[in-house]
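Working notes, beginning with the structure itself.
The first chain written gets the first letter, and so on, giving A, B, C and D; residue counts start at 1 in each chain.
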Amino acid sequence: MIVIMKPGATRAEVEKVVKRIKKEGLDVNIDTGSEHVVIGVKGDTRTIQDVAFYSYDGVEKAVRISNTYKLSSREFHPGDTVVDVDGVKIGDGHFVTMAGPCSIEGLDQIRECARIAKAGGAEILRGGAFKPRTSPYAFQGLEEEGLKYIRQAADELGMKVITEVMDEGHIDMVAEYSDILQIGARNMQNYKLLSAVGKTGKPIGLKRGIAGTIDEWLNAAEYIAVEDKSPVIFIERGIRTYETATRNTFDLSAVPLIKKLSHFPIIVDPSHGTGIWDLVPPMARAGVAAGADGMIVEIHPDPANAWSDGPQSLNEKTYMKMMQEVHIMEKAMKEIRSLEA
Amino acid sequence: MIVIMKPGATRAEVEKVVKRIKKEGLDVNIDTGSEHVVIGVKGDTRTIQDVAFYSYDGVEKAVRISNTYKLSSREFHPGDTVVDVDGVKIGDGHFVTMAGPCSIEGLDQIRECARIAKAGGAEILRGGAFKPRTSPYAFQGLEEEGLKYIRQAADELGMKVITEVMDEGHIDMVAEYSDILQIGARNMQNYKLLSAVGKTGKPIGLKRGIAGTIDEWLNAAEYIAVEDKSPVIFIERGIRTYETATRNTFDLSAVPLIKKLSHFPIIVDPSHGTGIWDLVPPMARAGVAAGADGMIVEIHPDPANAWSDGPQSLNEKTYMKMMQEVHIMEKAMKEIRSLEA
Amino acid sequence: MIVIMKPGATRAEVEKVVKRIKKEGLDVNIDTGSEHVVIGVKGDTRTIQDVAFYSYDGVEKAVRISNTYKLSSREFHPGDTVVDVDGVKIGDGHFVTMAGPCSIEGLDQIRECARIAKAGGAEILRGGAFKPRTSPYAFQGLEEEGLKYIRQAADELGMKVITEVMDEGHIDMVAEYSDILQIGARNMQNYKLLSAVGKTGKPIGLKRGIAGTIDEWLNAAEYIAVEDKSPVIFIERGIRTYETATRNTFDLSAVPLIKKLSHFPIIVDPSHGTGIWDLVPPMARAGVAAGADGMIVEIHPDPANAWSDGPQSLNEKTYMKMMQEVHIMEKAMKEIRSLEA
Amino acid sequence: MIVIMKPGATRAEVEKVVKRIKKEGLDVNIDTGSEHVVIGVKGDTRTIQDVAFYSYDGVEKAVRISNTYKLSSREFHPGDTVVDVDGVKIGDGHFVTMAGPCSIEGLDQIRECARIAKAGGAEILRGGAFKPRTSPYAFQGLEEEGLKYIRQAADELGMKVITEVMDEGHIDMVAEYSDILQIGARNMQNYKLLSAVGKTGKPIGLKRGIAGTIDEWLNAAEYIAVEDKSPVIFIERGIRTYETATRNTFDLSAVPLIKKLSHFPIIVDPSHGTGIWDLVPPMARAGVAAGADGMIVEIHPDPANAWSDGPQSLNEKTYMKMMQEVHIMEKAMKEIRSLEA
């Protein structure tokens, strides 16, 4: 933490700030530069992150230097964390695909999705049983019935399951059927929910908030990490910007950035990232090339009749073709990684 | 709903779309304009809002015409809804002030805040007992203890209470102490929570999401309105944009826009809207002038030592001066409203 | 300027940064805090604002403390600058209205606009002769013919003129007819144009860029100010955000913020700020209340037949009513300002 | 164009709109759906794109269906346009690299940059002689002297040149030395400049505006295309969003989207797209994988001493390694493209 005083700040004003810092047992370094006095704080500044230095007379601004997250940071844990989803490894260098429909619509539909997903090489089946919808009049999901269907469909083909949990009250139920618990974009800062899923021991797929910053995302992961039970899988799904030509703006730079700042794996969601099915394959390829540990993608046997998110869903043919491309990209990335060795 | 076909769409492609629409019992009007065939849907299109027309061959895009919310809309309820908070009316033409600290820090602090708030003309006391914080290491609120303090402080001065509820499990507890239940910006799309507070019968202060659109906000209100118990008070608190000179970008145009689209009252939060205490008074004045039904504002006896949000809190002196200005603005608005009559 | 080293930075890495700074004749203060070494730079850091400290090994980031603008800053010029437009004062405490059509469409139209504008109390006539249009097929303005018309219409009623100059090659021509030269939002960072208009001695109406930050806006003003001839009038006209319910997001907080950071006056443009004519009057009132020195507003005798920007234009009746409201607001602001004295 | 009437619109209101449309020689289709009357316009709606339907009584909104650009659209020109830069083809399936410093600092520096660029496989040398800078006190470029240096450096190695032109007055000068004229992000909507460079016959590298939409970008290209002389090369360089962890948000989805909507080639700029040198290589790889026709990237023999943009510049070692990776990606893309055949 650095506190920057206004050009004309008085000695008494500086003293008042220093006194406040020392009250927390921290030491200071005072830099009387020509234009601004700058007060550097020594020690663990997390204890003063809430202090309103801006309210002190003579203060221009306070600049945070250290991050507020720790357990999620690479500084704290320099090696990569590989997440083991009951045998499927995420973050070990191979590219994991999670595929399935937006909504679970019935047993037949999810079985058909699983067959397609697996045929293309997906190891994990996705599908929503609880759907957060903008309008109360839209379809809200099959709930526990849907969970049963997806578990059965996955088990028949030896796949794992990822599905969203929206509510603290449903965690036990969802955890009974799903291998990974997904936190949706709207809940990235639902801190009660983060703490609660963090206690389950299941891997948590943490979607970036609709307008979540990288820093907030890492802090959200910290809420899970402090429970010291569940590993985190970051999921980049695009952010809200002024551009409306795509559903979201797919921020692929988040992949190398998160890898630099955190030890947890990151996967990408080109379906929500673009919202337009014919942009999904090129952005899936780009995700591999950016260094993501995997992807989550929406498929449907008949997108035109999907109950939700049809416009961004691939059908069997387009999905199979994309997976062929993704496998070529994976090979290329393996070659690139071997250069580094 | 209007479905716009691509320039070269075939008759068969058009037919397939039409068939899908008729399957829902709706009728169509087909406009064979020179460049694009346009299919207009007649009837209540809410039943087809999830149909993925974009996935049909030959479709360029589908455009929604009707809103997905209804009970919150002014179309449905042309007159203004006046919310009665145990005698304090919101939306009746007078400007209601809710003031208090960001966090309840103790009985003495909240009492002192209440004294100041009341002296300036506030009728409702604000203060957080549950605090959603970006970092898990930041102060999270005094919880039930805080609720007791704020209730007591308000009762001693004949004030009403507004405080945030973050979690379904705490609704009963918060409702015991508070007159208005506030839904924070991070929870604007926590649909389970919206439905649950909508059942309490208490007025709900619904903050706009950090990157919430006007349309999403109205749909969030609809989740409360469908429960048919609790009236909604919209709270504009600024949105996230590229501009970092203020904490948020305070979108005051939302005031006349919400008044045009909905019958529920709207108040403004210049403290979060700007994040900088010396911008609060001019933006509070602007809020009155824009036609808001009230405001919610952060004050603290000693902002420099506030446990949270100090930089945007007013002290006694700056708050009292602002309230003087707000009263002058109110008078001017009364004069303006009388012109219309 | 402060350079923050990474936690594990070596002494040699610190030395390299220090050496680079001293090369510019500046001195340093080295703060060996517990987690990060922080190097504070003493002296006029404008000379090192381009140094790529981030490229040095061991550097985490560099934080700018001082602003890069100077002549536009209130620090440099504590008193308000009042701009004198041939007798009409902007920034002297009274609220100046500039009104007129988006495009000058002919002599009759601009005369009719002038008559209405003046009747409502506007002192300055606006109207575009050169129109920057998204599409090359849209109407681009009457050019010099339009300039003649607006000058004539203004002169007949004793009004002043503001109109946009888009191109260095037209400055002399526009300056011949107009009292204020307007720089449009798309040209806020057209630095050649800024320098060139800054040499004319005419007041410059500087619109905020479509996605311009407050800091960039002040730096754009600096390009004009360094020419030491023309005063600047800031024009807040809304910024581009994710919200599409309004044409732009009208950032009224810019008014008190610019007043805090700069000595030049600031006016508001509620027409572009909202893009919807029925939101213009409440936002005009809010602009007065926020402390703006004036406004620029689009009117048209027959908005439905305007050649451009009709949806945000007021007609005679709605404009006259708005001006009545604005005058009431002005009186209220006068009362508020007298409190301060 | 579709005009949507309000639910209660009268027959007379509908008639007035219809009359206005027919005045332009266009025909209508009137759809009296159950909630809203919808008026579809038949014919070339470009002639009514400026009509302010929103100003008509009873109108809710007008929705544009056709694009306002034509010559730049793939509808108009279904095949890919391959741009021939004096023998170097852009858009023919191979990935073209343009590399060089942000600013040309002297003959030795640009020669050294050219040597490195060429060694890595770049065919085109970049370097700025005119620099648009936020602050008037920052380095503004070597101007014609710089142009001479970059031409000489490129010629010595048989490379082509791309450099920015900021001002109409400099077009002839820049065109004398450069093979491609670059329009910077700040000038994407400087329409006079677009028209003027469109007359040169040189290929135009058109950067996306700092907050430019895809639609505005295509319309900007249209300003060049209507001159019917110069082909366009789109350059995605990131957009401004709320995220500050990267300099811009690199919108890679623009690559497949532009390829879908336009026939002109598109390249990517991972240097400005991220602003952080160690994110450049993964995003360059992602650019290849997304299907870009090439990239433009900043390199410097000594980034720590670059006069501008050092933080995002690669040095010789990091550039050479990136190019090795890019070549592997190119091979993979060739394999993927052969699948399609």
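Just so it is clear, contacts are C-beta pairs under 8 Å (C-beta built on N, C-alpha and C of every residue); 3 or more make two chains touch, one makes a residue touch a chain.
In UniProt terms the chains read A, B, C, D = Phospho-2-dehydro-3-deoxyheptonate aldolase.
This is a predicted model, so every value here is computed, not measured.
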Open item on the list: Comparing the two chain pairs, does B-C have more C-beta contacts than A-C, or is it the other way round?
Closed with: B-C
Task: Between subunit C and its twin subunit D, rotation from the CA superposition, multiple of 5 degrees - done: 180
TODO: State, to the nearest whole Å, the distance from the C-alpha centre of subunit B to the C-alpha centre of subunit C.
DONE: 30
- [ ] Between subunit A and subunit D, tell me the centre distance in angstrom, where each centre is the average of that chain's C-alpha atoms.
- [x] 30
Open item on the list: As a quick test, compute the distance in whole Å between the mean CA positions of subunit A and subunit C.
Closed with: 38
Task: Set of subunit D residues in contact with two or more other chains - done: 211, 215, 240-242, 244, 276
TODO: Please name which positions on subunit D make contact with subunit A in the complex.
DONE: 211, 213-215, 239, 241-246, 249-253, 255-257, 260, 273-274, 276, 278-279, 282-283, 285-291, 321, 324-325, 328-329, 331-332, 335-336, 339
TODO: Quick one: which bits of subunit D touch subunit C in the complex? Just the residue numbers, please.
DONE: 20, 46, 49-56, 68-69, 132-139, 166-169, 186-187, 189-192, 195, 210-211, 215-216, 219, 222-223, 226, 240, 276-277, 303-311, 313
Task: Partner subunit A, residues of subunit C touching it in the complex - done: 2, 4, 7, 29, 31-36, 38, 40-44, 60, 63, 65-66, 75, 211, 240-242, 244
